[in-house]
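Heads up, the next two complexes both have chain A, just with different partners, chain B and then chain C.
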Partner chain A sequence: MKRAFLRSHEFVLLAILIGFSVLVNAISKSFLTAENLFDILKSSSIMGTMAIGVFVVMLSGGIDLSFPAIATVSMYVAVRVLLLFDGNLPLAFLMASLIGAALGSVNAFLIHRFKIPTMIVTLGTASIFHGAMLTLADVPHIYSVPAYFFEFSTKYIFSWTKSGGTTIGFSTLAFLMLVIAALTWLLLRFTMLGKGIYALGGNPEAAKRAGFNITRIQFFIYCFVGLLSGIASIQYVCLVRHVHPFNLMGLQLDVIAAVVLGGASLAGGSGTVLGTLLGVWMIYAIRNSLVLMRIPSYWDPVVIGLIIVASTAINAYRQQLRKTETRVINA
Partner chain B sequence: MDAAFLSLTNINKSYAGVRALSQVDLGIQAGEVHCLVGENGSGKSTLIKVIAGVVQPDPGASILINNRQFARLSPIDSMLAGIQVIYQDLSLFPNLTVAENIAINQCLEEKRVLVRRSQLTALAREAMGRIGAELDPDGLVGELPIARQQIVAICRSITRGGKLIVMDEPTSSLGKRDIEYLFSIIRKIRDRGLSVLFVGHKLNEIFEIADRVSILRDGKKVGTSEIGLLDKEQLIELMTGRRISASTYAKSYSTARPLLEVRGLSKKGQFNDVNLQLYHGEILGITGLIGSGRTELALALFGLNPPDAGRILIEGREHTIASADKAVSLGISYLPEDRLTQGLFMEHTVSRNMIVTVIRQLARVTGLLDAKRVKQINARWIKELNIRTPSAELQVKQLSGGNQQRVVLAKWLERKPKILILDGPTIGVDVGAKQEIHQIIKSLAESGIGILMISDEVAEVVAYSHRILVMKDGRIGTELDAAGTSESEILEQLNTRPAARPEVKA
Partner chain C sequence: MPDLKTARPRLVSPRSATYIIAFVVVFAVLAILQPSKFLSRTNIQQMAFQLPEFGVLALAMMVAMLSGGIDLSITFSSNLAGIASALVLLSLSYGGAVDFQSLLKGIMAEGVSPAAVTAPTGIVMLGIVLLSVLVAVAVAGLCGLLNGLLVAKVKIPPILATLGTMKLYEGLSLVITRGSPITSFPKPYLFIGSGSVLHVPFPLIVFVLCAIAVSVFLRKTPLGFSIYAVGENPTAARFSGLRNDRILMKTYLVTGLLVGVAAVLMISRVDSVKVGYGNSYLLQAVLVVILGGVSTRGGSGTVLGVIFGILILRMISSGFNIIGFSNHFRNVIWGSMLVLVTIVNNAVPALADRLKARR
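Up next, the complex of A and B:
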């Protein structure tokens, strides 16, 4: 059991993450501080929530490119409606996640009914959802949001105050994301639905023959990623205190990079929740360190792109090695 | 042994007027290993599909399972009645554990919502215990070698209540040791009172594992017999319907100058010190079991598998063939064993597939294709090779196996090759079309092309080549003159074990 963990992708990733952090800290000194680490944990919680949803989609062998659009639409509609009466934060989360799940079910319907590749469907619906919102909304920005959003982002599960007066702590936003991760882990590990998602990604034909209800599984998956996008969008409002129609739209690349880095394969069937979280933190750690090392932010996309290519290449190479290994055993 | 577990009577099946099965009867007892043998296209797979409930036989059939009569057998009926088919692809989940693969069906049938690992493991251990297999229940199936994956599939069939386990050519991708292991498992299944229907065509395996054997030929059942009452030659005769002892060919090629000469060709782990000569107009047959190195040798000659050592001479001049492009330019053409993935662009038209080898010659100055010449080429080969297609614009995947093979031939013949390597030229081709393809090969040889025909169908090699090389463990064991040999002699050559492990007879 222990040896299996030492050989696992998660362990390798963890080791790289720690090694990287030590390296950056040696250069900038301000990286490995409690303040910076808790800050990364907090600000990465939005991407983390999204990545967990996208991971589940990729586990099943599909891909979702529409989640930033779904997040943007759920965020806008939920906050707009809440502004009409007083509302509260739980209601905001509830509304955004329901809108997200509903939009996700549109994806699921198209994928199931017309058997279109998931990438094309979600590329199309992303454009439709976002475009429709921009067209129908008279003003797509909301600059003053109710105070309860902001208050939530300043709450901590535990915290302490430094001598200079700044508060350091484990943010509720990060806690929420970790709870979602834990629930997803339980779902994948201990339910038949979870096994069905693994089975669908591993061998769709065999999954059908074994008697899994593929339609139901796919509806669950795309509603789930929609729901998490909705939750993430409200986390985002809490953090930045306004609603912007474009800020979330470029997130596909970062999130998919994180999930792939975390060990999920684009072909489906492999990866873990823990790996996904490590992937997210890795991306954040890299971004954060680029800032600390005063490298212009224009370099960010270059680095993220390199990570996607490199980690996919490494995964493919490892699989090749494993195949040759099996062949030698067979001979 | 009177009560048959499965009893099929009067099974007929026609596809669009072609008889795939004709008045087949089959009875399988509880606790026996029953082998179903026949050449490719003899109707074995159709019969399996009937048993699995995937294909409905024509009216008039009677299916009796465990004394229960079925008017129509659906896949679910078949499963509930205790029939489990293990297809060649095994239908496993590579990313799930052994325990999950074995037990997941049971969990689905019980409509569970939650899974407990301890329960899965217990179920899997129980199934493995029943057949004496020992695999780590927490290991990933994708990381197991094929032979172990097969054991997982067998355990799964047992947990699903399989009383008759049908295995479709389970040994086709296994090495010798794995086959022995599989056979020990099959015997344990039988000893527990379950039945196995073993579908195959390799004779030595059948004689090793079968209690009884049923033979299919051209969709008809030739007979069922206790295996002890037959010898290999009789079984071959029953399978092929002819006793082919002498070649139907006279020696009609000249041995003045070899067209292709191979000296000491070796590649580590694949083939060793291979020497051969191929003459103009000769059909040289190469046969051997899977893993004997025959396909690897063919690929080496075609530049796709560069050898470590040795020389290749074409018309007396030495060449290094490092790529398929080079091989083609030297006048070598290769028909792969697996035409579906290697020989054809299945989604494209017959016409496009035919011209693909000569596409550069067909381009005009503008870079566009000369449509008139394309049409001429299409018309010529469709006529000469008698390709049955309504139009050259049909997608290749819509043609039958035999016609697809002719399209592959056409595409290479258009290159006007001097040397034609055929790897399993009639695999997956039905019986009638086989004969025609053999005729085409024969007339090609008569036109002066040297043909290297690789096949594991011994009957084909004996009947249609001039000389036969028997490959074993990467070496050319024996050279035989087709006119002076017989199938049984070659099969004996193939099946004798290495001298290091003599068979002890009481």
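Up next, the complex of A and C:
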């Protein structure tokens, strides 16, 4: 058991993450401080929530390019409606996640009913959802959001005050993301639905013959990623305190990069929730270190691109290895 | 070897015939509804100059999709190629008057007026223009080769590989230009994108030549056959003695070379280059390739079908212009079309099978 963990993708990632942190800290002393680490944890919580949803999709062998559009729509509609009356934060989360799940079910319907590739469906629905919102909304951005959004982002599970007066702590936003991660892990590990998702990703035909209800599983998967996109969008409103129609739209790549870095493959059936979180933190750690080392932000896409290429290459290599291993066993 | 004669794509497949009908219908509807605007000289001219850059990009996407893959990096590799081409062009033609550093910031920003600097003329200028075109094609070719390497040798799924390189090419373009545009190309270069020969737009001639070249390449060369074979069934292709990895490398190289041509057409038409130009072409390129009858799983489709796809899309697009649809609403329509056409394309073979079975 122990040896299996030492050989796992998660352990390798963790080792790289720690090694990287120590290296950056040697150059810029402000990396490995409680303040910076908790800050990374907080700012990465939005991408973390999205990444967990996208991980579940990729586990089932699909891909979702529409989740930033879903997040943008559910964020806008939820906040817009809440502005009409005296709303509160739980209501915001509830509404956004329901809208997200509803939009996700559109993806699920198209994918299941017409059997078209998930990439084509979600590429199409992404521009449908986003375009429809921008066409129908008279003013697509909201700059003054109710105070309860902001208050939530400044709450901590535990915190202490430094001598300088700055508060350091474990943000509620990060806590929410970790709760979602834990629930998803339990779902994948201990429920029949979770096993079904793994089975679907491993081999759809076999999963069907084993008696899994593919329709139900697929609807769950795409509604789930929609729901998490909705939750992530409200987390985002809490953090940045405004609603903007384009800010979330470039996130597909970064989130997919994080998920792939975390060990998931496009072929489905592989990866873990822990790996996904490590992938997200890795990307944020690298970004944060670029800032600390004063490297201009236009280097960002180069680094992210290299990370995607490198992590997908490693995954492809590992799969190649596994194939030869099984061939040896079979012989 | 499999019997390639039966695998050979016909010039006009029944599916292409459907597209010819669709083309005529769309054309007729627009011509009847808005004859004064749609059939006006300016509208047709505008279409004739805008279509080629997108058309060549769509051909590039088609080649990648025929092999069962996809290239999501085309718009940003065309940006990178355009930037490289523009840098070579400007530093050679305004040599001495413009240093490299100010080029990177955009020469206009430095207050240097290129009009005051006399660019070389005659054969020297022709050489410079040819060289910068070659640079664009070479850079885009290298981008394609990297994609091919990642897909064929490292065996990364094409979506992920090109998603990664898309970000990479965008980043490199940003690092070189810091996001500012490069403009003021010498006149002879602008001819490529906006000149005419005997009233025929020069870019249109380039597009037609590219289309013929790709068609001949796919139908008459061994590599062309092999791309279809690998797209249709990679395992079968391997067992019939094809070297899949080499074929895929060359596929993405061809895609890259075409992207380079599109890059030159694009930047010489608008007389500038900037990161993010032609971003909306990506979704549309996938759309016309699927519209043109190329299967989402690879292996089938003709150049003629894709050309009709391009024509239909451009006509609808200019129809939107006339009606005055917003860009956002257009995205809704493109997205819906992508999903609908894929559904129809997937349903048609199944329906045909059912009819055959009944008989």
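Of note:
What we mean here is this: the second predicted complex is superposed on the first by the 326 of 331 C-alpha atoms of A that agree within 3 Å, B and C clash if a C-alpha of one lies under 4 Å from a C-alpha of the other, contacts with A are read in each partner's own complex, and residues count from 1 in each chain.
Everything that follows uses one rule, which is that contacts are C-beta pairs under 8 Å (C-beta built on N, C-alpha and C of every residue); 3 or more make two chains touch, one makes a residue touch a chain.
Note that the structure is predicted; figures quoted are calculated from it, not measured.
In the overlay built on the shared chain, the residue A:211 is in contact with chain B alone; chain C does not reach it.
The partner of chain A that touches more of its residues, comparing chain B with chain C, is C. Judged by the touch definition given at the top, the superposed model places A:304 against chain C, while chain B stays out of reach.
In the superposition on chain A, A:86 makes contact with neither chain B nor chain C.
Using the contact criterion defined above for the overlaid structures, shared-chain residue A:269 touches chain B, although it does not reach chain C. Judged by the touch definition given at the top, the superposed model places A:202 against chain B, while chain C stays out of reach. When the shared chain is aligned, chain C comes close enough to touch A:124, but chain B does not. Taken in their complex, chain A has these residues touching chain B: 190-195, 198-199, 201-203, 205-207, 209-212, 269-270, 322, 326, 329-331. Remark: chain C residues 70, 150, 154-157, 159-161, 163-172, 174-175, 178-179, 283, 286, 290, 296-297, 326, 328-336, 338-339, 342-343, 346-347 touch chain A in the complex. Interface residues of chain B facing chain A in the complex, by the touch rule stated above, are 89, 91-96, 100, 104-105, 107-109, 112-116, 142-147, 175, 178, 269.
The touching residues of chain A, counted against chain C in their complex, run 63, 110, 114-117, 119-121, 123-128, 130-132, 134-135, 253, 256-257, 260, 265-267, 298-309, 312-313, 315-317, 319-320.
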